[in-house]
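A quick write-up on the structure given underneath.
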Amino acid sequence: MIKASVIGATGYTGVELVRLLDKHEQVELKYLTSQTYEGQEYASVYPNLAGYCTKECVAGDISKIVAESDVIFVALPHGHAVEVAKKADAQGKKLIDLGADFRFDDGAIYEKWYKVAHGDHELLSKSVYGLPEINRAEIKEASIIGNPGCYPTSVILGLAPALQHKLIEPNSIIIDAKSGVSGAGRKLALTSHFVEVNENINAYGVGNHRHTPEIEQELGKLAGESLTVSFTPHLVPMTRGILSTIYATLKGNWTTAEVRKIFQDFYHDEPFVHLLPEGQWPHTKWVYGSNNCHLNLLVDPRTNRLIITSAIDNLIKGAAGQAVQNMNLLFDLPETTGLLVPGMVP
Amino acid sequence: MIKASVIGATGYTGVELVRLLDKHEQVELKYLTSQTYEGQEYASVYPNLAGYCTKECVAGDISKIVAESDVIFVALPHGHAVEVAKKADAQGKKLIDLGADFRFDDGAIYEKWYKVAHGDHELLSKSVYGLPEINRAEIKEASIIGNPGCYPTSVILGLAPALQHKLIEPNSIIIDAKSGVSGAGRKLALTSHFVEVNENINAYGVGNHRHTPEIEQELGKLAGESLTVSFTPHLVPMTRGILSTIYATLKGNWTTAEVRKIFQDFYHDEPFVHLLPEGQWPHTKWVYGSNNCHLNLLVDPRTNRLIITSAIDNLIKGAAGQAVQNMNLLFDLPETTGLLVPGMVP
Amino acid sequence: MIKASVIGATGYTGVELVRLLDKHEQVELKYLTSQTYEGQEYASVYPNLAGYCTKECVAGDISKIVAESDVIFVALPHGHAVEVAKKADAQGKKLIDLGADFRFDDGAIYEKWYKVAHGDHELLSKSVYGLPEINRAEIKEASIIGNPGCYPTSVILGLAPALQHKLIEPNSIIIDAKSGVSGAGRKLALTSHFVEVNENINAYGVGNHRHTPEIEQELGKLAGESLTVSFTPHLVPMTRGILSTIYATLKGNWTTAEVRKIFQDFYHDEPFVHLLPEGQWPHTKWVYGSNNCHLNLLVDPRTNRLIITSAIDNLIKGAAGQAVQNMNLLFDLPETTGLLVPGMVP
Amino acid sequence: MIKASVIGATGYTGVELVRLLDKHEQVELKYLTSQTYEGQEYASVYPNLAGYCTKECVAGDISKIVAESDVIFVALPHGHAVEVAKKADAQGKKLIDLGADFRFDDGAIYEKWYKVAHGDHELLSKSVYGLPEINRAEIKEASIIGNPGCYPTSVILGLAPALQHKLIEPNSIIIDAKSGVSGAGRKLALTSHFVEVNENINAYGVGNHRHTPEIEQELGKLAGESLTVSFTPHLVPMTRGILSTIYATLKGNWTTAEVRKIFQDFYHDEPFVHLLPEGQWPHTKWVYGSNNCHLNLLVDPRTNRLIITSAIDNLIKGAAGQAVQNMNLLFDLPETTGLLVPGMVP
């Protein structure tokens, strides 16, 4: 059994990790930390787990937790994972960071967009960007995983085959993304207040959202050249789900059928990525509660653009589920262990 | 492996059955019938199952389906299960009806409230009301299960300990119930049209909802005397979940602690029924996607009334999950097989 | 023109007052106070008013505000209106408190349920409970109005004809109420966090909600005897609207038609209270954005109970609209001035 | 008083027209037609209007209705307005079509995208595209108004200043639009079924939505050259509101401040179009229930793109409100009559 601990277990990605790990047949939940709820039963904070999880929330004696765990999931806001990672690295333990601290190859880019010092640029060289469909081999050998952001996951999976096959102009990419409110976390804010969000949609972070450099870094690697994208996120009155609608200019003449073939081949063996039948555009509801990514695409001959939509559950494939998928890879388990659950409809 | 078929597989209780049975380790899905979608892939109707369920929808050659199945789930509107049940009975197969046709001891009551002929009153004597927490022993021996209605499930579980212990005046019971829209099914209707339901709540079926006689039948058995209740359902702008708020006058003087003790003892060994800590009132979200029923209660000394709230997921404990629980009992499997999933929060 | 100021103008009842008063043909908006947004344009806080309201938020120099206003609306949490009312009283100005400080005849009951000292019990004798349909004559002569709570408004309008005609047993009344989230205000709280509220319903304040004594006080006056009620509020995933479902045992034999006749006569001349046609149960959506109260009722002969449902917009008839209605009465304007707007459907 | 009739009065644009016209001080509602509800009181179909609208639904004796009306609003699906318009034209009456039949200069384009014969191409020459901010002068002289589609209204208002000032490359325009469900009307469909829409977002009509040629026609006129756009609509789980996010490549170097100045000048005298302060991105909730259009924009120097978001209430500025604005112009009334209502927040 893999002994797993979650640092920051009472946020929304935290509870999703707990729910997934609790039923994972190869995992023993070790420590769940929470500053706010220290000493309280975890199920009193999340009563959905009454009768399932009997752990208590503990304070963060990180050294002890690392020592007694095989893998540490860090589900804290950015800027807090490096200290944990140093300890894990020193003790030879695996660390999966669900924040942004280990997603960048270049610490300077992180510091520019996140406006905090990184703390340990060298550790970055030991970390891998944890998108299994792209970096599977590297992930297996890594000790620190930078678990991808929710938006970047949906975008990179949507564009990878097109970029790798050089179908599109790299600098023509426009990403219009829509997210449910759980992506903003459990922290109280007027922008997550029910009355402000309900019966409303709005763009936010236009031109400056922090997932932009992460998207550009990974798409650039797939394209084989650096590129710049427009990325505009929107807040949708729903709890879970991200839909990214992606526009790019085609380099030559392609038919929808030809591009579909390239995508089908690319994702042929992937258990979690599904190209839907032609004309059936992804609904976030169809991936609700699952680790799946649903894709569809169209070549629009009027504009010679490729249009792709990509749907994930932001808390699962966009966070906790992908983290478990990475853990499975790190520990040589079948990659789908504990994750083969379809979306819940209705 | 139990060979299971679902008659009427493309409604909302149908797809929930398919989702639960598909991952049930002791079940082989045999036939999924649909009049509307005959010949189409099931996953084209419910794309959440793309990559999971590879069955096709078939027309209803009931005799063949019964012959090749060990258990038949009927997920049709009321009035259509009797014909299937006759065939199942003749061939010695188990049948679980998720409609109302086998919920009543007295066919005349069914006919009065549902305004259709029953078709075979005798078969009723071979059927059992499938609420495991109350009728476990009888269910194990039955061949036909009348799977309880969603509202009655929440109400009976909420009141059983109080009635059995004769804490309350039977004729004082008032049930104010609130349901998500999936309870109304996938059939198109203005009352399920998004724009009419969103940002709205209303009562419906006041004084004449068909779940009333079902509730009265089962509560009457628990009370040991016939009784009459007020039952008022409401439509809430959400997909899943039922919350029943139940009021009853206490017969004597009881404290909240004393009544809690009685409920705790009553449900002590039940895997799916949880009395929450004092003051933590059930949220339907906490049982979302699970087979759980969450309860809480209060003795209000000002009015000498017992107030209980009871939350279930109407599609799981209120329909498909309970049907699987009944199947487990019918086939001597551990009762929780395939059902030990906590609610999904957030 | 009536010079009107709003103390606490940036909460949800505050902005609703501003919206209604801004278009009221007999009102000049004078001061809008806000601690949080002092010095900012009101329309920067509520951009829906861009192009409509050009006022700035000011700090609360109450004496000056009172001196320069004819009527002061207090839209603060309870416990803060008494100090303003003293100043208004001293200067002979009208005050309408949308909080609880002037709703009670007996200051001791206020202090028991609200757990703060009242500050000036004598002022209570100068205030009137501002429900125009019940207290119209007294309101016209008053200087301080205790604007009713949202739940009590829906309940008292629902029960007044039945109690005044002594149709029902006073102590048999059970009120099961459902509210949208705006009733909890703009203050950040986990219980108003989108992700916690969406796709959920729950009871709260069971047995101890502060609107209980207000309801009992006013219903007791209508009944001509003191009484005790069960009152259970619920939180519904919508922004606006309250639906109260009310149960009471009839004293004698009545038909639905007879009771309807009593209600129709009682509300015959009321512009804002509508008894819907038999069988058409109120939807909160139908009163959304209006000062209307929609009612319907049924005599259930099986239980000899009267069942009433009552729908209002909690921010309008349950708060700001009713306050404007009271202002109209205080200043001898036609009672409906600025309020004859139907509900917005869809 | 202007005598106004509504053909097809019980759909969602119909009821919005009725609500706006009913309170319009210069309008007398004459006939409300409905095939489904002929002979029923209008307020029984839309109970929000109980106590406000006392009209009955009538069948469509179009000749009589036209004869007795000064203006006829047609709120029918496309393909049904031409017959009414012929009669109105013959009798010299004004007609405002809320469908697509009079939006196109070239009947052939209509027929290609809508796949029906138009019926009278000549009448098109007598009609004007009814977007007052662009075509005010022509509207005043017209007899037939093609009231703009909801999506096109949001898009054209968002782009007009940029195109007229030749700031952007015409063929670089990408429009990612998001709409509430009321845009799909009251007609029952699985895609408007609550359970399918709630907690979901999806694209639809990708590459082939019928508003595309309408957008291209009007943007082309503003640009002074024909152009092609990418237009992708999405369905959002809310009732009202459209948000269009628009991307276009700038022709030269512009700052946000410079482009803001151009927009401010362009809309300086417009009562319904508001450019919000820099950084405050439009929320559809802020225009809910109003005839307003809220805009904001950003020049992104990283990509040299102009990003604009534009929010309207699809039923008001996107349909009924704009129709009333057009009527005001046709009858030389102040353009804002009956429409100066701010958005309803919360």
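Here the chain labels run A, B, C and D in written order, and each chain numbers its own residues starting at 1.
Definition applied: contacts are C-beta pairs under 8 Å (C-beta built on N, C-alpha and C of every residue); 3 or more make two chains touch, one makes a residue touch a chain.
Values in this document were obtained by computation on a predicted structure and should not be read as measured data.
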item	value
For chain C, the least number of touch steps when starting out from chain A	1
Touching chain B and also chain C, the following chains	A, D
Angular offset of chain B relative to chain D [C-alpha, multiple of 5 degrees]	180
Selected interface, A-D versus C-D, where C-beta contact pairs are more numerous	A-D
Most widely separated chain from chain B, with each centre as the mean of CA atoms	D
Chain B and chain D: spacing of chain centres that average the CA atoms, whole Å	46
Mean-CA-position distance for chain D and chain C (Å)	36
Separation of mean Cα positions, chain D and chain A [Å, integer]	39
Of all residues in chain A, the ones touching two or more other chains	12, 182, 186, 195, 198-199, 237-240, 283, 285, 288, 346
Contact set on chain A toward chain B in their complex	12, 15, 19, 22-23, 44, 46-53, 182, 186, 198-199, 239-240, 271, 274, 276-277, 280, 283, 285-290, 292, 294, 315, 340-346
In the complex with chain C, residue positions of chain B that touch it	171, 174, 176, 178, 180, 195-196, 198-204, 206-207, 228-230, 232, 234, 236-241, 243, 245, 247, 281-285, 288, 298, 300, 302-303, 305, 307, 309, 311, 346
Residue numbers on chain D that touch chain B, as the complex places them	12, 181-182, 186, 188-190, 192-195, 197-199, 237-239
